[in-house]
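For clarity, chains are labelled A, B and C in written order, and residue numbers in each chain start from 1.
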Amino acid sequence: MIAHDEPRARPAAADLNWGLGHRRTLLSAALTVVAGAMTVAAMVPLLSVLAMLIYRGGQRLTPQLFLALPPAAGMEGGGVGNALVGTLLMVAIATALSVPFGVLAAVFLAEFGPETRLAGAVRFVAKVLSGLPSVLAGLFAYAAVVLATGTYSALAGGAALAVLMLPTVLLTAEQALKAVPRRMREAAVGMGCTPTQAVWHVVLPAALPGVLTGVMLAVARAAGETAPLLFTALFSDYWLTRNPMSPTPSLAVLIFDFSSSPFRNQVEVAWAASLVLVALVMLTNVAARTWAARSAPK
Amino acid sequence: MTRPDPTGTLARPPTRFDKWADRSFRGLAATSAALAVLLVVGIVAQIAGQAEPAVREYGVDFLTTSKWDPSGKKFGVLPQIAGTLYSSVLGVALGSLFGVTVAIVLTQDFLPPRLEAVAKGVVELLSAVPSVVYGLWGIFVVIPALRPLANAAHETFGALPIFGTRLSGPGLLPAAFVLAIMVLPTVTAISRDALAAVPGKLREAAFGLGATRWEAIVKVVLPTASRGIFGAIVLAFGRAVGETMALAMLLGNSNSFSWSLFAPGTTLATLMANQWPESGAVEKGALMYAGLVLLGITLLINSVGTLILRRTVRVEEAHQ
Amino acid sequence: MSQAEALAAPPALYTPHAAPRATDAAVELRLKSLHYGDFRAVRDVNLTIRRNAVTALIGPSGCGKSTVLRCINRMNDLVRGFRLDGEVRFRGRDIYDKAVDPVAVRRAIGMVFQQPNPFAMSVARNVTFGLKLNGVRDHLNERVEQALRGAALWDEVKDHLNKSALSLSGGQQQRLCIARAIATQPEVILMDEPCSAIDPIATLKIEELMTALKAKYTIVIVTHNLQQARRVADDTAFLYVDRSAGGRTGYLVESGPTAEFFANPREKPTQDYVAGAFG
């Protein structure tokens, strides 16, 4: 038992002073310093990447970069024109395939059957898809498109990227639709809208900023994907032809190919291509996030 | 003109077109939802279908042998499976250590709100850099920076298996290092949610008992959020297992497994990326089989991670 | 009438409603019970809503008056697990009959909500929304003006018809919602505590509006404000909460012409409620 009335020394007021002399305080302060240092360290790679892109890629940032074809081994000059066009084309195909499909499925999830068994299955599947290794999306598009059409193509590349975009588009669109205030839905239904008219005229327009944010985030991710394109679009050293059913170049595959090149010029072009790609991805990404932040409070 | 109506109302029942449009649009939405489910079934079926001849040919030996010999038509992915797990464990361990620390710093009132928002944005941008660009950066920045350190470690501690070789170029350490950077945003984002969900009154209670800030974090906040943080780490592991390009560029292409941090290695995903362009029909079948194995591993890991996180949400709901 | 004549003559936008008769019922409620899942929210409401009159539903919070109101245009269909036992007769039919399309019911019976909820469109498009929905595409400008005048909002917004409806004040937004509802000239307008989210001056305007609107429309209003019911309603119905079975089930205590209702309440709960509310 503890004797409460045991005489003890009167605590000094100085005990309340803050000071590193206390062991516990010292430990706490030390941990704060370590955690702070680790946080700063976690930011260093991004700064390093950006610095290298500007330093090494910036040197080649001339009009020629966008207008010329990739340099062959041992050649000087050259650019990434065809790869940029190819990336844009394949991302456009992927957007056209994934967005209507993903938004319609999201409308089902948020509006028509939120508590159905199908909706539960779709949400689970979307989570599975968002964890799908991109290389497997490539294998799938190879089997489903390349083998079926008999050729590597922009279409196959777009299909692979669409698989990767779908979960982002679907899940963000569902969130955006759910965030539309109930009273807007009630106003529409109370006016005598059919469920479709309510979605089409009122709910979807109100959710549009959120839906587009999701699309832009998905686009930013798809533009940088490389692995699936190795299995579906391959590469080409030439400008795109009218025929979309032929191997198609992309910035990402160009960077991969040139990264291990023994020729200094090709490595420089890889850095310049990275700069272009990262600028493309980050601008889309930052624009999407800023827009989402601005249209959120309502 | 609207027809005169004894009741004087302009209201009309929905037209046949309205009803038709309603039915069609709902049908279309439900079909899209069903197709999303079918897509996953299709992905599994396509990859399994392509892998089937190889599965028949090589069976379980494929998982337990170590030879990748297209000309001799002998295929085994044991080094790839081991390499996938080894590199992922290293990358995720390092990434989680930093990722959870950053999440703590971002949620426990260490920074003024504005700086907190900036730091959060920087971490999110880390995930926006394409894998292939990290690979390029790894080749020209990380490998040269690590090489002298690695070789010094080898000279001094070479007797230990993990320092058993020199780092001559691509190798496990730079690959794991870049992998850590790539999974950090995933760990931070999900852990941050878990930490932010810890009720403020728990922390206040700890402070009220005289705990220092870190005592409150370590003894109260982290244990409460541990399930969510664990889920974050599992999902990050799922990402790391499937990561392809950065590893294909930094790991080398060795087809053998080594415990040494400085030796080149291989994973299932990099095997596919490296071998595909030059592969013939038979090897493509074997690569599809490797893809099927990877699919199985990631589905397993991601299901576990999702279940863990779903359970945390339920527990939180039950507390309210 | 030929096309040319139709355009030359001033548009006959409003054909007068049938002359009001005291006994003419617009809606008849015969509700046995309303459930949300296992929860029985309301029982035993038998109420006749007279044409071209204002009927007020009053009662303490939780008595189910909004739930009853939302039965009249089947808004409760949006709530999962809602079940209705009984019938709601409108135009001589039970609107809960399987053959009845709830969308058609909601077009004939307009609604104004507690929170002003204009669409994020221009003022004019908010008003034309319902017209277009019902296939009315002629004389839209005149109809917008008529509806906005009808809602006593025209003078305030006539110069900003293309401004976003969300830029209006709360009271203006609520009157815009009334204009939106009357643009299609529904037979009945349901108002769910339309003044609870707006200031006293705007409240006064909307009360005056109700009195003016009943010449053309049948109005049912839910209010927690007894003075408001007294000022605007021709008939008043009082709902109360029955806690006897351990539940919280609302039921109709009594209803009648407003003056009589307040002067001589017949039932004990009504007497207490009216007396309590007036001190």
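In this section, a contact is a pair of C-beta atoms (placed from the backbone, for glycine too) under 8 Å apart; a residue touches a chain by one contact, two chains touch by 3 or more.
Here the structure is a predicted model, which means the values were calculated and not measured.
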Identifier of the chain whose CA centre is least distant from the whole-structure CA centre: A
Interface with the most contact pairs, given as the two chains involved: A-B
Whole-Å separation of chain centres (CA-atom averages), chain B against chain C: 54
Chain centre separation (chain A, chain C; CA means) in Å: 48
Inter-chain centre distance, chain A versus chain B - centres from mean C-alpha coordinates, in Å: 13
Residues of chain B whose C-beta touches two or more other chains: 11, 14, 18-19
Shared-contact residues (touching 2 or more other chains) in chain C: 103-104, 107-108, 134
Multi-chain contact sites of chain A, meaning residues that touch two or more partners: 192, 194, 197
Footprint of chain A on chain B - complex, ascending: 11, 14, 18-19, 21-22, 25-26, 28-37, 39-40, 42-43, 46-47, 49-50, 97-99, 101-102, 104-106, 110, 119, 121-126, 128-137, 139-141, 181, 184, 212-215, 235, 238-239, 241-245, 248-249, 269, 272-273, 276-277, 287-288, 291, 294-295, 298-299, 301-303, 305-306
Residues of chain B that touch chain C when the two form their complex: 1-2, 4-15, 18-19
Sites on chain C touched by chain B in the complex: 1, 6, 12, 14-18, 101, 103-104, 107-108, 131, 134-136, 138, 183-187, 216
Residues on chain A engaged by chain C in the complex (per definition of touch): 115, 181, 183-194, 197, 201-202, 205-206
Chain A contact footprint on chain C (complex, rising order): 73, 75, 78, 80, 103-104, 106-108, 110-111, 113, 115, 117-120, 129-130, 133-134, 177, 180-181
